[in-house]
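Same chain, two partners: subunit A is paired with subunit B first, then with subunit C.
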Partner chain A sequence: MTTYIIRRLLLVPVILFGVTILIFGMLQFLDPVERVSMYIRDTPKSDAQIEALITKYGLDKPIYVQYWKWLVGDVDPITNVRSGGILFGDFGYSRTNSQPVADLIKNRFPNTLDLTLWAIGPVIFVGIWLGIQAAVRHNKPFDQMARIFSIIGTSLPTFVFGLLVLMLFYANLGWFPPGRVSDEFSKIISSAEFTNYTKLLSIDSLLNGRFDIFLDVMKHMVLPILTLSYISWATFLRVTRSSMLETLRMEYVTTARAKGLSERDVIHKHARPNAMLPVTTLAGFSIVGLLGGVVITETVFNYPGIGATAARSAAQLDVITVLGFTLFTGLILVVSNVIVDVLYAFIDPRVRLS
Partner chain B sequence: MSNYLLDVQGLETTFKTPDGVLHAVNGVSFGLKEGETLGVVGESGCGKSVTMLSVLGLIPSPPGEIKAGKAMFFGHDLVKMTNAEIRQVRGAQIGMVFQDPMTSLNPVLTIGRQLEEPLMLHVGMNKKQASERAAELLEMVGIPNAKDRLSDYPHQFSGGMRQRVMIAMALSCSPQLLIADEPTTALDVTIQAQIMDLVKRLRNELGMAIIWISHDLGVVAGLAQRVIVMYGGLIIEEASVNDLYANPTHPYTIGLLGSLPRVDAKERTKLYSIEGSPPVLYNKPTACPFAPRCKWAMERCWKENPALETVSPEHRVACWVDTKTGRAR
Partner chain C sequence: MAENQKPTGDNKLLSDTISVREITRLERWLGPDNYRVVMGLFKTPASVIGLSLLSFFILIAIFAPVIVPVPEKGDPYKIPRDGFKADPQPPMTPWKKNAPELPFWWKPIMKTDQWVHIFGTAQGQYDIFYALVWGTRTAFRTGLIVTIATFLIGITIGGISAYYGGMVDNIIMRIVDVFLTLPFTLAALIMAAILTPVIGKSLVPVMIALVVFGWMGYARIIRGDILSIKERDFVLAAKVVGVKDSRILFRHIIPNAIFPTLVLASLAIGDVTLSFAALSFLGVGVEIGYADWGQVLSFARNWITSLNTYWYLITFPGVTIVLFVLGWNLIGDALRDVLDPRMRGKS
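Let's turn to the complex of A and B:
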């Protein structure tokens, strides 16, 4: 078990190295003039000026030199101050947001994390529960309904479903507004009397004893969570259902029945743990997906998470910001996959002990 | 009132399939005395397993359905029992061992946990007692370091060891009857012999009755006192083991025995094989199901299905032809 985890952890730097190469490689599709143009606000007076900028930022150097500089940055020989270098957390400056990309991530990621925390339950567990119920009632009305529901869920695009619920619950009924928090509270939150303990608004509002802010925050998250849930229920339902159906046909399930166990114990103690193995992988990917920012859902509901921010930056051709977010998402992805692998080992003894 | 431990009468089981209703068991009757070992032989697909699964109510329903018949066990009809009632019988009074030990143990639960389950359920032991008993059971079936191995998982056991675990599990609540569904088929020959020795020893120690399903007449010969031969969901011959091997009467039984390699055979004799394969019955057979493969088949065989008839004491056969003379009976 320990060697398994160590082996997985040793792979992390290797994969991350690959991620940086890939991201840096994509940047090379732009020629130096295009890259330097991102930093020029006024029309340059001559080609020489552009050339000077290219030389200044070292964009004419060989690729590996540029890559190294991207990784570790530059140390000013006089002041000894380091500038740049993604290894030191400097992802560059976001032109469209007028702040360093690292700060932007620091501001926006808690919002995404907050949404993820509240969404995990409805997104994953409800779908799994539905899948198990459908499998146990194979070909009965519940199963048929679940399948229809799942087909609609898979075929309905997020932005369509999102806009539909927004129309119904915000425009018509006025129950759940888009955004992060109501204006009246957003002033309080940024004021000194509100302490940011975790930067997760839902938790901080409770810690500050402001139940009214908590309710408001939750109200803003209902529709994004509903949208994310409905779309993923379809997937979880299908995967859980088919995995469970397959497991219920296994011989050890007959063995369990032949031992005289009740159907309930057969399903929940013998079949379900086995059926959960493929679902765990899917759940891992889902959580990773949520953490990486759900671009469309966040955009539809104007939710200031990293997904919506990255999408907006991309629309404004802010390459530096997009690269920073891509790198950050890659980091989350790699780390979460390690966590999923370790979890997998916990539930499957064959992985754990091999 | 019969003096049988298990008395099965006219059992019929069907399965609904997309191609039609499959008649897997078509009126099987047999009795089993206390402590007796009954061998059930026949090719794959002739209804051996389905018969036994029907008796225990383990046919998946739907698509399976028991159409008719009864299975009396201690004066109660297993077929008519409710789920809750038959659960009290399964594992407690009738233990079952399956064919493939690689798939019949749950891969994510420890051996100990799987052994303790029936003990806690049927005997009412607590976790600690059950765990101690589980270790004893493992020792009984010849697994060394039994106590330490309780926390192991099935994949840490070899096939033979797993089948030992399955046997320990089936016998954990001291059942009166052990149903073994081809328990040695998936094992190699040396392990087969070990498992059979183990079962013989346990039979002597515990005195339970055994129904041993196999397609291997050699395996059955070494273990059973009485044998029934099944074909097309029917019993076509029933005899004591010695009688059956000395005087096989049904053409199918003769074919099965002829297909066994014999140590005392002359050199370079070809092994006999029965042409064709068992029928897939979408209708209840109205003719002899073996007729298409039978070299003795007469006109009557294609029209009427023979019933079991006594040919000598304790020897019954369902055939229109007297295979000794080749003429109608």
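Let's turn to the complex of A and C:
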């Protein structure tokens, strides 16, 4: 067990190193003039100034020097101020959003986190429930319906489904608007009387005792959550169903039946816990995926999370911003994948013993 | 009595006791396992529906110039515009400016000489019907090219990794891990954003982006298959005779390991098309007005508040994309059942 975890943890720096190399490699497609814009806020007046900046940030040095400078940045010997250095959280300056990329991430990530928190329940548990029901009623009408549902679910691309629900629930019925919060409330939120405890709007509004804002925030999140859930239900249904079917064929399930246990106990006490193993991995990675920002869903619903911001910057060819976001998401993913793997070893003895 | 008979080569006795099945030429050529997989495609109603949907789209792609002619020697992939008005126009609005010539099927079916916007127009008067018909070609083109490229890169890298094993294998698999770590959409977005200024706005940047972040799956699968084939006697025999490494890999091992990966790759065309549409929906890649499904659908994003009036902006492109993906998924589902080792020998 300990060796497994240690081996898994030793891999983290290797992967992280690889990710930085990959992103730095992509950066090399830009010419130095564009790369220097990573460090500066105003457009330089003359070519000579640009040249000076390129020399200052070492963009004419050999590639390994550049990589090192990109990682740790430069410390000005006189003022002792560090500039650049992604290891110190300086991802550069976002041209299209007119603020440092790190600040942008700090502003947008809580929104993604908020959405993730509320989406976990519907995304994971409904799909698992459907899968179990389908497996128990194998080849009955419910199972057939579930299969059709899952095929249609996987065939509906996020952006088509998202636009369809927007047409129905917003344009036609006017129930659930896109965006983050209504205009009248966004003024209150940015004013001094509203304290940001956690930066998660749904929780902060409750902590501030503003139930009306909470309702409004939730109303804006209904459609993104619905979209995320619908798409993942199909996958969860399929995985749970096949894993459950396999478990139900096991001999210990027959034993449980033979000794006269009720079908309820056979399914929920003996079969289900064992059938949940592959589903747990899927659930873990789904949560990680949600945290990494759901680019298309956020964009369709104009939800200001990290995914939508990255997409908008990419459409405006603001490479520095997207790179920062990708790096940030990459870090989150590496760390959370390890956590999922280690947790999985706790659940499934076969993993840690092999 | 049997003792007096001469052997005729037509042993009735044997064929009566053991049921003998005719082996067709196709089966002999493909081998029994692969033959079973191909035949599995025609078995269930679902896979037949899938195949028909797919054939329908292939026909549309082939006959696009007959279904909607290109207006006056323009670039066929540029959606023709009927003026420049901002508001979308509903389906069946008459086509006033810049109309393509009437296709042969128009008069007998519609009974008029007047070309109309069958599915309406998007903002800037782009004709939706034209975009969807010609977009089918874009879909297949991007899907095929990207899939072939990712497949070739994947099997080469996976093949090298599995064949040499040891340190090489370890390093290559870590590189695969690194590529898999970055979220696919973000990674493709950034790659496309980097390449667009270099190459210019076209299909190419997004296609390259999809290739760069798409080969890892094939590499992993072919690696596993090769690892098991590498241990077979015929590979050892080739080594003993002194055949070159590269020749053993490309002539002996890969042809024997390739089939499952090939099936996966052909199914991935649907996924690739979808990723491409998603990226161009997000606004990277082709310029505005290119006949591409994602692009057409992204027009709807500007009219979200009034989608009840402009329902045709999503309905027609949406249904097209869903049917296309559905076709691939139905076939994929049938193949997954056949390829599942637990189902072997059951059909």
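The rule is short, and it goes like this: the second predicted complex is superposed on the first by the 316 of 354 C-alpha atoms of A that agree within 3 Å, B and C clash if a C-alpha of one lies under 4 Å from a C-alpha of the other, contacts with A are read in each partner's own complex, and residues count from 1 in each chain.
Rule of thumb we're sticking to: a contact is a pair of C-beta atoms (placed from the backbone, for glycine too) under 8 Å apart; a residue touches a chain by one contact, two chains touch by 3 or more.
Only a predicted model underlies this, so the values are computations on that prediction, with no experimental measurement involved.
Student: Where does A:A135 make contact in the superposed view: on subunit B (first), on subunit C (second), on both, or on neither?
Tutor: After superposition on chain A, A:A135 lies in contact with neither partner.
Student: What is the contact status of A:L53 with respect to subunit B (first) and subunit C (second): first, second, both, or neither?
Tutor: It touches nothing on subunit B or subunit C.
Student: Would you check which partner chain A:A146 touches, where first means subunit B only, second means subunit C only, and both and neither mean what they say?
Tutor: The answer is neither, since A:A146 touches no partner chain.
Student: In the overlay, answer first, second, both or neither for which of subunit B and subunit C A:L228 touches.
Tutor: In the superposition, A:L228 touches no partner, neither subunit B nor subunit C.
Student: Mind telling me which of the two, subunit B or subunit C, contacts the most residues of subunit A?
Tutor: Tallying touched residues of subunit A, the top partner is C.
Student: Let me test your reading of the model: by the given contact rule, A:E263 touches which partner, first (subunit B), second (subunit C), both or neither?
Tutor: first
Student: Check whether A:R350 is in contact with subunit B, with subunit C, with both or with neither, and answer first, second, both or neither.
Tutor: Once the two structures are laid over each other on A, A:R350 reaches subunit B alone.
Student: Which parts of subunit A are in contact with subunit B and also with subunit C?
Tutor: In subunit A, no position sits in both the subunit B and subunit C interfaces.
Student: Name, in rising order, each residue of subunit A that touches subunit B in their complex.
Tutor: It is residues 139, 250-252, 254-263, 269-270, 273-274, 347-350, 353 of subunit A that touch subunit B.
Student: Quick one: in the complex, what on subunit C touches subunit A?
Tutor: 46, 174-175, 177-179, 181-183, 185-187, 189-198, 274, 277-278, 281-284, 294, 297, 300-301, 304-309, 311, 314, 317-318, 321-322, 325-326, 329-330, 333
Student: Would you tell me which residues of subunit A are touching subunit C in their complex?
Tutor: That would be residues 11, 14-15, 18-19, 21-22, 26, 29-30, 151-152, 154-160, 163-164, 166-167, 170-172, 178, 289, 292-293, 295-296, 299-300, 302, 307, 310-315, 317-319, 322-323, 325-326, 329-330, 333-334, 337 of subunit A.
Student: In the complex of these two chains, what residues of subunit B are touching subunit A?
Tutor: Going by the criterion above, the answer is residues 53, 56, 58, 62, 83, 87-92, 95-96, 98-100, 103-110, 117-118, 121-122, 153, 155-156, 166, 169-170.
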